[in-house]
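In order of appearance the chains are A, B, C, D and E, and numbering begins at 1 in each one.
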Amino acid sequence: MNMTLTREKESPAIEIDNVGSAALTEKVYETSNLNLWYGENHALKNINLDMHQNEVTAIIGPSGCGKSTYIKTLNRMIELVPDVKTTGQIKYRNRNILDQSYKVEDLRTQVGMVFQKPNPFPKSIYENVVYGPKIHGIKNKKILDEIVEKSLKGAAIWDEVKDRLHENAYGLSGGQQQRLCIARCLAIEPDVILMDEPTSALDPISTLKIEELVQELKKDFSIIIVTHNMQQAARISDRTAFFLNGEVIEYSDTNTIFSNPNDKRTEDYITGRFG
Amino acid sequence: MNMTLTREKESPAIEIDNVGSAALTEKVYETSNLNLWYGENHALKNINLDMHQNEVTAIIGPSGCGKSTYIKTLNRMIELVPDVKTTGQIKYRNRNILDQSYKVEDLRTQVGMVFQKPNPFPKSIYENVVYGPKIHGIKNKKILDEIVEKSLKGAAIWDEVKDRLHENAYGLSGGQQQRLCIARCLAIEPDVILMDEPTSALDPISTLKIEELVQELKKDFSIIIVTHNMQQAARISDRTAFFLNGEVIEYSDTNTIFSNPNDKRTEDYITGRFG
Amino acid sequence: MKLINKSHVAKKMPARLAVNTICKGLFFLATLVGLLVLAILFYRIFTQGIGSLNGDFLQNFASRKPEEAGIKAALIGSIWLMVVVAPVSLLLGVGTAIYLEEYARKNWITTFIKVNISNLAGVPSIVFGLLGLTVFVRALALDRSILAAGLTMSLLVLPVIIVSAQEAIRAVPRDLREASFGMGATKWQTILKVVLPAAIPGILTGGILALSRAIGETAPLVVVGIPMFIAFLPQTVMDTFTVLPMQIYNWTSRPQEEFQQVAAAGIIVLLILLIFMNSIAVIIRNKFQKRY
Amino acid sequence: AGCGSNDTSNSGKGNEAASDQLKGEVITDGSSTVFPIMEAVAEEYMATQPDVKVSVGASGTGGGFKKFIAGDTDLANASRPVKEEESALLDEKGVEYTELKLAFDGISIVANKDNDFIDSLTVEELQKLWIDNGKVKKWSDIRPEWPNEEIKFYSPGTDSGTYDYFNEVILEEKPMVENATLSEDDNVLVQGVEGDKNAIGFFGYAYYSENKDKLKIISIDNGKGAVEPTHETIKSGEYAPLSRPLYTYVANKSVAEKEQVADYTQFVIENAGELAEEVGYISLPEEEYQKDLDKLKELEK
Amino acid sequence: MELRKTETYSVQQMILEKKSKKKINMEKVMPKLLFFTAAISVFTTIGIILTLIFETFIFFDRVSIVEFFTEAKWLPFASAPSYGIMPLIVGTLKVTVIAAVVAVPVGLATAIFLSEYASEKTRRIIKPILEVLAGIPTIVYGFFALTFVTPVLRDLFPSLDMFNALSPGIVVGIMIMPMIASLSEDALVSVPKSIREGAYALGATKLETTIKVVLPAAISGIVASIVLALSRAIGETMIVSVAGGSTPNMSMDVTSSIQTMTAYIVQVSSGDAGYGTTIYYSIYAVGMTLFVFTLIMNLLAQFISRKFREEY
């Protein structure tokens, strides 16, 4: 709906954004000149990236390159770390989220997140899933039940837990816990879903299901996923950003990145020659 | 050195152990008729598996199938969970470790472990690595320094941390933390190394390094690795065990498992048709 | 398909944020309440006592003459008391906490010990005084010594230390223990090298509260029979002594207005001692504190 | 075994010439009312005998006797004479003791400063005021011309020597008015009476004399006209029946066996009067102290 | 890379050497030693019970236990004494309830503010200051109640007596508040950060995260701190002695003078009651009651805490 507005402004990311077709889809996130410091540590350096609606954007790069830092900035989760300083802009749906007048709670209601380590609440499985809907004011038991079923199915864990919905989530295995966290995120039906290596604790079958799910979800949502698994990025994403030492080395549509990277470092990384 | 002894006994796992050459290498672990219950939950069912010296044994299987449970039984870490009951035998170097007279500390000094979630101590990087040697009585500063360098190099993290050895380990990224945990384990130079999805939090480059390292290490050590990544299992392991619902469905040399599995379920799992 | 009405959610958001802001304000006010009370207390005590607080006050023994009365015996006595209470109660308290959290099996003895400890926390201090009199002063023939009083006080503050140390030990994540065991560390090594260092902030918090309590208690010492007036200094833990709160209590019950000021000066000294102790613990605590 | 026997003529504080320096401990405990006197004595004594360690406790008259019975202390300070139960226990334990009188404490009846109608009370009126009759008491119940307002009573705690004495001579063991407010601390009572317009209360003379400007004193008429408690009227016995003696009890065995206790006790008798005055009590007539000295002499033999 | 056999040394070999040299076996010694320290708390209780029980028996020899619990009047000093403990229990409860009403909300709110809202720096400054509050001698609080809080309250409610339950109740609340704040804060802080992140990421406000996720996760520590603090309130002596008066009564009125169990014990043990008299023994009976009282309360709290505990 804000498409015209979005277009008015020249995207600063355009320089490295060489996807022709991209201009046609609506932009969800526009990051311009983002810098981030942990105290003295310059963790993100002049990031310029646009993310598009109904697409899966993958972020890859070696350990410590700033992937988690960047994705946490997208829902301002980074604020929880003391001593973090940012400059630059991140526009979500055309409003700068780094502006302090932007309410983080509003942002996070729109932008769900799945973390690297599973972090279920020390509550029952059911309570974990309905937590989000409940705080957002949904009290109807029937609707909540429906949400639970739908979300757990969506996260490919329904069959395993449907008989123990009221047991504590900490009794689940690591992989089950992570899928529960995905279900919890799906329960609030966000606009964008951020995923920080969501499948790193999952077995291939669950991973496959999640990957399929991601494909499914992108029809309605926009997904940004950090992954250490290049095959995964190649399989599921429409665009891929390659991070290195806090910089975006290359951002392009996934095919280009994997088949015909622009930058030598990207190529080296992708072919495993690097590091 | 115990080879003759080991051979005297017919391995109960021989039935599903169809690796011809395996009989020539010494057995490190021999598991026979192992059953394990978490309270009422029968998590491991009649496991029979032999692990061989100077080999990498991979354990694969879907989430919740008992991989972590089994590997934790190999160094009796499982005892930390209350209400766990086991029957059967696990022989390590020909002594039954499930026998209560077997000192777990002795066992764990021989059998190192790397966990699924990185779990560094809230201490400096240096202190993390020397923890093991120190508790075992090594106090000489020079030797400790050497151990630190060697172990960190071994875990492919030396270059990243060599200038901040005395900073807190919690300042590291997830991947860096995991590599530190691997270094910590290498510091006591164990005989066997158990790894529970050690690379699930690592980027491909670190993963590659770890994989290379595993290949390197198996010259001297025996390695048992749980992984959700079938490519990884295929790349680095000599033998692979496929777990499902607490049972060993198939155990064979890795080539056989991946190219010509015996069991329909293994094939389905490996080809991703399954779940 | 959509079960969640976004516009509904959005409409509710301002109210939720307002509630959050209001509660934050309330929480902040609650925090201020404590600080405000402290400020009033300090103001009253300082304006009353500062005039009597001088070198002589610290140098002199107690006296019937308010202008000559000093705090020396009580101040030194309180310090001696801490010298006994701090190590005894911390060793016993942390030891017990370790036993309960790390070694104790789930059986009736453990349950009994736990219930017993939380119950002891509620036993009024004066009853501990009766115990100390019977056991330490009489049965063990320690007389009205620093040791007897110190042991009595140690038992009194023990539950506070145990309970907070237990909580602190329990809060150490399990995977840290696993990491240590995985290295072949024994249980005791794991406790000593991993669990205790990680639990130190919590243990110290409990320790501060406990020692603060010990330094301000009067009733049990009265029962144990610690004298109120003494004009000599103890040389060993077997000597008799007096402590600050007893001296202060004594002065506040005097009819002469001047003694009220002397009492206030005594309170200032006690507060300074308290703040000094707390600062040491806080420094240690901040050095160790980490959020997992 | 006495040491000071050659010097008994010496009165006042100048004991230092008396004998060689003594060593050892003197342990005294008991009444908190007596404590200020004993503290003053100990303070002075230690100036002359720095190597004698005198400690003074204040665990109450009852607590003091308990320790005295157990043999923990050399002197037990008391704000009342020893009770039957206690002396029975002392006999049982074979503790022989000598009672010494130290000073007087005049119990003062006070009202709020704003009370403009009350000046004096007779003993009967006191009884009418303080003895419970099951009804709410008003000033007009005592004298019809007084206001028709409810009286607020303030009294020391039931377990204090002051209450005990009041109970004996005024209440004559009948129950005190039920709505009386009791407190253990006389300073607290001062606050109470000061802040309460219809208050009446009683406590030790020292607490009145230190707070004269905040309180209104009530004279007591014991048949010979109204007498206000003052230093003189208490000392002379004119202020009756509300002045009570304060005591210390010394263990005979301690006096006989411990030189420093004998010396200290003598010092107590010689200086109690003067020092009691300093801390707000009233000294006894001189002959009372002389009697005590003679008793002590007997013990030392 | 040759990790195992270095020219100079082998770690495993060194470990073996060190192991053979170890003299005492800490693993065997420590549990026993620690069990012994844990047993000391039990000995303490046994000691207390033994100290109390003999005198309590003597007391109940003279006063019927039925009278003790059913009589509505506590008049031990009257010529016709009456020993009904209810008035003392009522007095204790009044003070404890008032203290709880003050301390629990304020203490918890402070704990939440410090652990969830305040910056690290604020936390580090405020927490130690609050801990100073916990260390102020109770006698100081007693006079604070009498000479400051009571007059202020009397200005607000002129019908308030000079001695009452309200003022010492509030001040006892102030005294125990830091205990709740400090220990609860510790419990809150030790809830893993990742759990909070999970809630924030769903758009939960800080408040919602705190109330619905963090508090429940920390509940056992919080309950423990409250029980500890309330036990202290029940056992508090000096404040109630100074500002509460010493008139035992059964009324539920908080504006009039009271006496608590502890205040009675202090009154007698620092007072003038003859050793060996019934009054003297009565303090042991009251002490025993107090002991049983706190026991019941603690059992209740344990039950609650166990019921609500969430493992993480």
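One rule holds in what follows: a contact is a pair of C-beta atoms (placed from the backbone, for glycine too) under 8 Å apart; a residue touches a chain by one contact, two chains touch by 3 or more.
Note that the coordinates shown come from a computational prediction; the quantities given were computed from them, not determined experimentally.
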Seminar exercise, completed: Per the touch definition, the chains contacting both subunit B and subunit E are A, C
For this session: Report the pair of chains linked by the most C-beta pairs in contact.
Result: C-E
For this session: Using mean C-alpha positions as chain centres, tell me how far subunit B is from subunit C in Å, no decimals.
Result: 47
For this session: List the centre-to-centre spacing of subunit C and subunit D in whole Å, with centres computed as mean CA coordinates.
Result: 37
Problem set entry | Gap in Å, rounded to a whole number, between the CA centres of subunit D and subunit B | 83
Problem set entry | Touching two or more other chains - residue numbers and ranges from subunit B | 109-110, 117, 136, 188
Seminar exercise, completed: Listed in rising order, subunit E residues that touch 2 or more other chains are 192-193, 205, 208, 266, 269-270
Exercise. Tell me, which residues of subunit D touch at least two other chains?
Worked result: 32, 58-59, 63, 185
Exercise. Among all the chains shown, which pairs meet the touch rule set out at the top?
Worked result: A-B, A-C, A-E, B-C, B-E, C-D, C-E, D-E
For this session: Give every residue of subunit E touching subunit B within the complex, in rising order.
Result: 1-6, 8-12, 14-15, 18-19, 21-22
Exercise. Touching subunit C in the complex: which residues of subunit A?
Worked result: 103, 105-106, 109, 133, 135-138, 143, 146-147, 150, 188-189
Exercise. For subunit D, which residues count as touching subunit C in their complex?
Worked result: 27, 29, 32, 35-36, 38-40, 42-43, 46, 53-59, 63, 67, 70, 72, 185-187, 204, 206-207, 209-211, 275, 278-280
Seminar exercise, completed: subunit B partner, complex, touching residues on subunit C are 106, 173-186, 189, 193-194, 197-198, 290, 292
Seminar exercise, completed: In the complex, subunit E touches subunit A at residues 119-120, 192-205, 208, 212-213, 216-217, 310-312
